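Worksheet: one structure, shown below.
Naming follows writing order (A, B, C and D), and every chain is counted from residue 1.
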Amino acid sequence: MTRKAMPISSEMGWSSVDRILVRGYDLCDDIIGKLNLGDMAYLEITGRLPSEAESTMFNAILVTLVEHGLTPMAIAARLTYLGAPESLQSAVAAGLCGMGTTFAGTAEGAARVLHETLADNPEQSIEVMSDDIVSRYRSAKTSIPGIGHNLHKPQDPRATRLFKVAEEHGFSGRYVKLMKGIADAATRQFGKDLPVNATGAIGALCCELGISWKAARGIAVMGRSVGLVGHLVEEQGNPIAKEVWLRTEEEAHDNAQHEEESAP
Amino acid sequence: MTRKAMPISSEMGWSSVDRILVRGYDLCDDIIGKLNLGDMAYLEITGRLPSEAESTMFNAILVTLVEHGLTPMAIAARLTYLGAPESLQSAVAAGLCGMGTTFAGTAEGAARVLHETLADNPEQSIEVMSDDIVSRYRSAKTSIPGIGHNLHKPQDPRATRLFKVAEEHGFSGRYVKLMKGIADAATRQFGKDLPVNATGAIGALCCELGISWKAARGIAVMGRSVGLVGHLVEEQGNPIAKEVWLRTEEEAHDNAQHEEESAP
Amino acid sequence: MTRKAMPISSEMGWSSVDRILVRGYDLCDDIIGKLNLGDMAYLEITGRLPSEAESTMFNAILVTLVEHGLTPMAIAARLTYLGAPESLQSAVAAGLCGMGTTFAGTAEGAARVLHETLADNPEQSIEVMSDDIVSRYRSAKTSIPGIGHNLHKPQDPRATRLFKVAEEHGFSGRYVKLMKGIADAATRQFGKDLPVNATGAIGALCCELGISWKAARGIAVMGRSVGLVGHLVEEQGNPIAKEVWLRTEEEAHDNAQHEEESAP
Amino acid sequence: MTRKAMPISSEMGWSSVDRILVRGYDLCDDIIGKLNLGDMAYLEITGRLPSEAESTMFNAILVTLVEHGLTPMAIAARLTYLGAPESLQSAVAAGLCGMGTTFAGTAEGAARVLHETLADNPEQSIEVMSDDIVSRYRSAKTSIPGIGHNLHKPQDPRATRLFKVAEEHGFSGRYVKLMKGIADAATRQFGKDLPVNATGAIGALCCELGISWKAARGIAVMGRSVGLVGHLVEEQGNPIAKEVWLRTEEEAHDNAQHEEESAP
């Protein structure tokens, strides 16, 4: 073997007999009883404690993504729990696996397009950049990340609220302006209401907080994990997975039998 | 088909055109910008907002479980991300799948034994109940959930700290007393330091907060999901998974080659 | 650090520039074009190639577990694919996570009880051992692994068929006899039809093949992975996940709205 | 609610009291004891039984992907099993989650490019199509799916072997020719050995078998699931996960301590 080994290091945390350090902070002295879960998430992602404004903004982002009712992810988690009630963690894992391009991918995609556009065009006006972005997606016939919602029209109330929190706490900068500009350009070019949606607002606000676009999906995952646990705790007391399963199986069975009977 | 269909219902949340409700609260008016992620988790689990004391206690529990360095879960998540960097959510899922009996199971197990013991023996003294519990596990030769730690001795500093937060906020009730009683009885019966560990403290404090023992594992999952995302964001900038993989594969290869060469 | 490092080794396989070895066999010369997937699975589990009889028996076990229609696992996999169509592997993973105590656990449990009973009581009659086993589960009020089926009565046709294949190929030994004895004892003691089910037959036949009871669950996983992929390929052409999701969400929404309206 | 419900149907399988049907075949009469796992996989994917040639070819593809030693997936599965030994299925799931763009994605990508190229250019010569494909990837600076291997040079022996099996069984058609043509064009254009690799051969042979490119990733998943179970069964007898974990954690700890000590 001739490969030169690379060192393995991590700044996340370590333990000794009487101490646990997390990103340089003492878990017992500095964290337990002092930080809330959102601030802890901020520490994990950035390596430092948030200011009060950052704490409010970051927690606002995190709580937005926790709960959205009986999503495909929540139903998949509940069905998994039905089969493996001894492994609640695996039911959450099953739910998370469905958090792909459609949902978490758009927060990431929005953060990325904002980050790259503003890094590449420091001098350009918001309007020109916005029109360019929309034209590019339009000609590629792909949807613009963070824009439009099939239910929430003409505004996504979560985006409206998040932008208000951002304004109140000093996070309404260029990324927010560009995100709103993209929505305006899309509405103009497509001739219908295409507002910033929740994931678009979250993508923009991750950028405002200085969080890498690559981490944006992770922030969605943090929030949704909390929500999936919530659904499983409800499932413990008010189970619905078995009913979803039986109805699905029975209808498919009835349709399949029918086809067999009508065969020559 | 003769089965009578059961209704499907959920109180977690639902959306209309201009509103998202979560457990009866308006996401935009009552939650975003007002609740931190730990309070949101409390709402998801219990259906109501926490008092200030409950918020401090519950967040203290949640942050305790977020980070413990390069655990098997964190390494598994990083290796998964190496193979599927387009699916960060699946890497978190892979990490969570390893949160089984050894770790999350003990928080659940501790909460369960405390809950069942105090429900069944309302009149008995802590000492008698504790001795009974330890004797039972001792004769079954299985470890007592929430007791003992291979590194943190003679005390687990996280348990010490959590119990202090509990005392300061009015959560140092019978469950905490029984958990400490079990540690004392174990130390006496086995003749060596067997302190309450972090998962034992968390099990007891879930009971004090009125949270079902069945949900205790879920609370561990909420915290650890945040930590796994943290590790993956570090992996983006300071990757170690490839090195862990290559070293493991190379050593196994070297050992296998050696065996082949030394064969007759 | 004072811990003595242990060597890392694996006999599963390794590669050089022009060869891939799997458990000592050359992948290109000995395996590709010569072994079927079930024989490859046998090689992976046991480290050697199966005889013709072993191949037939082991493949019979494997194919039994592949497909059982729209199970909770299959529906969970399809819902996951809806959210993350770019990660088919994660949708299979989500489905597998639900293969817990209820299903895969019983094949393992049956193999374990047969293995341990015959190892501990080499001299006892099948009838006495069977009655003891059933009495033990009966007094513990837990179900006997591998016994009984809510749909397939008075016989599970899969068990009947597997036992026939076993007889034809010389695998109808003591483990099969004990499994059948347990079903007879259960039917006697409970006074109703309690046949050997598919997982009971599989547990017994794993034992007959000399496969560890700890691996029995893995054999179920191998088969079901194939079936879950099958469901996802059907989902690509005939999607049902979105309909399952929407119906579930809508009904929960309707029920929740109704409750709100009827509130004082 | 005004949405029109769509029917739910599935042709995968269903059960009645005394029968289990799988894609129209009787599980007990037609499948158990008659089909091997690879043929069953073929039935699941295509809805019909394979001919002898198809069975040989399809099983050859499947077994190629089962085992490749201590891959990141295999190590992740073993680490997960360490934390949750009661859930072998979740350890396999964790391993599968890492089967992303790098590995399974290239089989899919190769099948897709072959399928789309030949569908769009029925009249063009292999050489012209190959040169166009390579030029396109070259100018996009992305790697060509199915081409090149960092270890296996100048040929990937698995591809060589698979193509030989294809030739012997009548599957060496236009897709195989185009795949080889792409490798030749890549070798010419880049001026170094760029052979067809195993996933490239598999992509081409899926096309020859008439399997949709969208299913190619699923075929990789079927094979690798078998291999991951194999690794976990080895882990039961020859555990290495704990050693991988401890070494990783200790080295990171040592490096972190060092940095702390050297801080001013």
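One rule holds in what follows: a residue touches a chain if its C-beta (ideal position, glycine included) is under 8 Å from a C-beta of that chain, and two chains touch if they have at least 3 such contacts.
Everything numeric in this text was worked out from a predicted model, so none of it was measured.
Are the interface residues of chain C and chain D largely the same numbers on each copy, more than half shared, or largely different?
Mostly the same residues.
Averaged over CA atoms, how far is the centre of chain B from the centre of chain C? Could you give it in whole Å?
Centre-to-centre distance between chain B and chain C: 29 Å.
CA centre of chain C versus CA centre of chain D: separation in Å?
Using C-alpha averages as centres, the distance is 22 Å.
Nearest whole angstrom, what separates the Cα centre of chain A from the Cα centre of chain C?
Chain centres of chain A and chain C, defined by C-alpha means, are spaced 35 Å apart.
Chain D: which residues touch two or more other chains?
8-11, 14, 69-70, 84, 86-87, 89-90, 93-94, 97, 99-100, 240, 244, 247-249, 252-253
Between the chains shown, work out who touches whom and classify the graph as line, ring, star, complete or other.
Shape = complete; every chain linked to every other.
Quick check: in the complex, which residue numbers of chain D touch chain C?
Residues of chain D touching chain C: 1, 3, 5-6, 8-20, 22-23, 27-29, 31-33, 35-41, 44-45, 55-56, 59-60, 62-64, 66-70, 74, 87-90, 92-94, 96-97, 99-100, 104, 151-153, 155, 157-158, 160-162, 164-165, 168, 212, 214-215, 217-223, 225-227, 229-234, 236, 238, 240, 243-244, 246-247, 250, 253-254.
Which positions of chain A touch chain D when the two form their complex?
On the chain A side, the touching residues are 7-11, 14, 84, 86-87, 89-90, 93-94, 97, 248-249, 251-253, 255-257.
For the complex, give me every residue of chain A touching chain C.
Within the complex, chain A touches chain C at residues 69-73, 75-76, 79-87, 90-91, 93-95, 97-103, 240-242, 244-245, 247-249, 252-253.
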